[in-house]
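Okay, so chain A shows up in both of these, paired with chain B first and chain C after.
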Partner chain A sequence: MESGGIIMSVNPHTRPGDEQYVELLTQLQAIDFVLVELNLYLDTHPHDANAIEQFNELTQRRWKLANDFEALYGPLMNFGHSYSGYPWQWNDTPWPWQV
Partner chain B sequence: MNSQTRVYFPYVSPFDPCPPIRVKTYQVPPQLFIGFQPENLPQFSPMEALKRGTLWPALYSPYNPAASRGERGDHHER
Partner chain C sequence: MWIYEKKLQYPVRVNKCDVRMAKFLLEQYGGADGELAAALRYLNQRYSIPDKVIGLLTDIGTEEFAHLEMIATMVYKLTKDASVEGLKAAGLGAHYANHDRALFYENAGGVPFTTTYIAAKGDPIADLYEDIAAEEKARATYQWLIDMTDDVDIQDSLKYLREREVVHSLRFREAVEILKEEQNRKKFF
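Our next item is the complex of A and B:
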């Protein structure tokens, strides 16, 4: 399912906190870390076009990955930054500190 | 020993009550020797970057706690 850090396809049959949940969250964490690194780098190198291109590509990938994850496992953020299914999903476990 | 590890030899007092540590090492961080970071440096994969704590191999500093570097005192001959 994973090839070079890129999600090929997701399995729609999920249980809370299953293997795919951990896998997707780990990938999201890795991409977010690279985005932090590039963000800090670009603060001092605002004219590095390659880095900006990489930053934007990764932002797009991050956005898609987060959407896929939320569609499968529920919201990553609250207060209007993620959608919820019915019934209200925000208080479903596992919570971040339980993973 | 990698190039980020430096060595020094502390003075050993004849009155030292503890076993002397004759060789001590310390780590120098790689960013000290880079100056302004050049563009287009080689990168780790995202997973590797997450694990190592930096996106760029040139800025990677391995963490070697003193214990694993073998800094122990000699045993005193009594």
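Our next item is the complex of A and C:
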């Protein structure tokens, strides 16, 4: 999975639900899947240094990917974990079950 | 504290109306071995379990809410365009009489969710074996749901959820071993 360089191919005139939205969302879901798996694995294998290294590296890449996504399509998280443009973007559709 | 993330854990693609399948899927929404029961079971057990497995229960309990949202998305998408006649014909007439097209925490047979589905023994080994059993029962339910549809998109999401049950079961088995090891160490020193 290559998350670097995504922003260069981005079309700024996009709307949530379009083709690029689905593509970026899929990339985010893919990296998050690996992170959930590593997280649960490390919960029961806390001394696996390689897995921790992989977890931290992917966490960094995930952060960048989520930022790229949010710059285009608005906040992913509430309560101060994502920035908002004007007007307040949290209410914007689509919600996950509307995608 | 929990933070919401505005995305599904895994894509749910639904391109048709299938009320009958939606009704069956409710088993994993508000059923005994469903995602709501799983989330509430693990998060509730955290307070009385040894420190070494609190992280695991927190993480799996949280992931179950993401699965609950996927099931809700399937049910919502499969029923949103259904006619009243369609709902009645597929066995959701009684549901419609009470809830319209709103989701409700009930099982496939229409029985409302109850916390009696959730065991909390306070004994760490007993609770973790309960969790392993819950994951295996949910895995079996997902297999039967997969067998009941020929919709490849629904099958894809259900297969993902089935595999998560397998991983959760494995992690809970490891947690049992961690606690057994810790108990043995205490006996020797």
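For this structure, a couple of remarks:
Note that the second predicted complex is superposed on the first by the 90 of 99 C-alpha atoms of A that agree within 3 Å, B and C clash if a C-alpha of one lies under 4 Å from a C-alpha of the other, contacts with A are read in each partner's own complex, and residues count from 1 in each chain.
One rule holds for everything that comes next: a residue touches a chain if its C-beta (ideal position, glycine included) is under 8 Å from a C-beta of that chain, and two chains touch if they have at least 3 such contacts.
No experiment lies behind these values; they were computed from the predicted model shown.
More residues of chain A lie in contact with C than with the other chain of the pair chain B and chain C. Within the superposed three-chain model, A:D68 lies out of touch with both chain B and chain C [touch as defined at top]. Contact with both chain B and chain C is seen for A:T44 once the two complexes are overlaid on the shared chain. In the superposition on chain A, A:E23 makes contact with neither chain B nor chain C. When the two complexes are overlaid on their common chain A, residue A:I31 makes contact with chain B while staying clear of chain C.
In the superposition on chain A, contact is made by A:N78 with chain C only, not with chain B.
Common to the chain B-facing and chain C-facing surfaces of chain A are residues 26, 29, 33, 37, 41, 44-45. Those residues of chain A that touch chain C in the shared complex are 25-26, 28-29, 32-33, 36-37, 39-41, 43-45, 75-79, 81, 95-97, 99. Residues 36-37, 39-40, 45-47, 49-50, 54-56 of chain B are the ones that touch chain A when the two sit in their complex.
Interface residues of chain A, counted against chain B in their complex, comprise 4-5, 26-27, 29-31, 33-34, 37-38, 41, 44-45, 48, 50-51.
If you check the complex, the residues on chain C that touch chain A are 3-12, 53, 55-56, 59-60, 63, 69, 72-73, 76-77, 167-168, 171, 174-175, 178.
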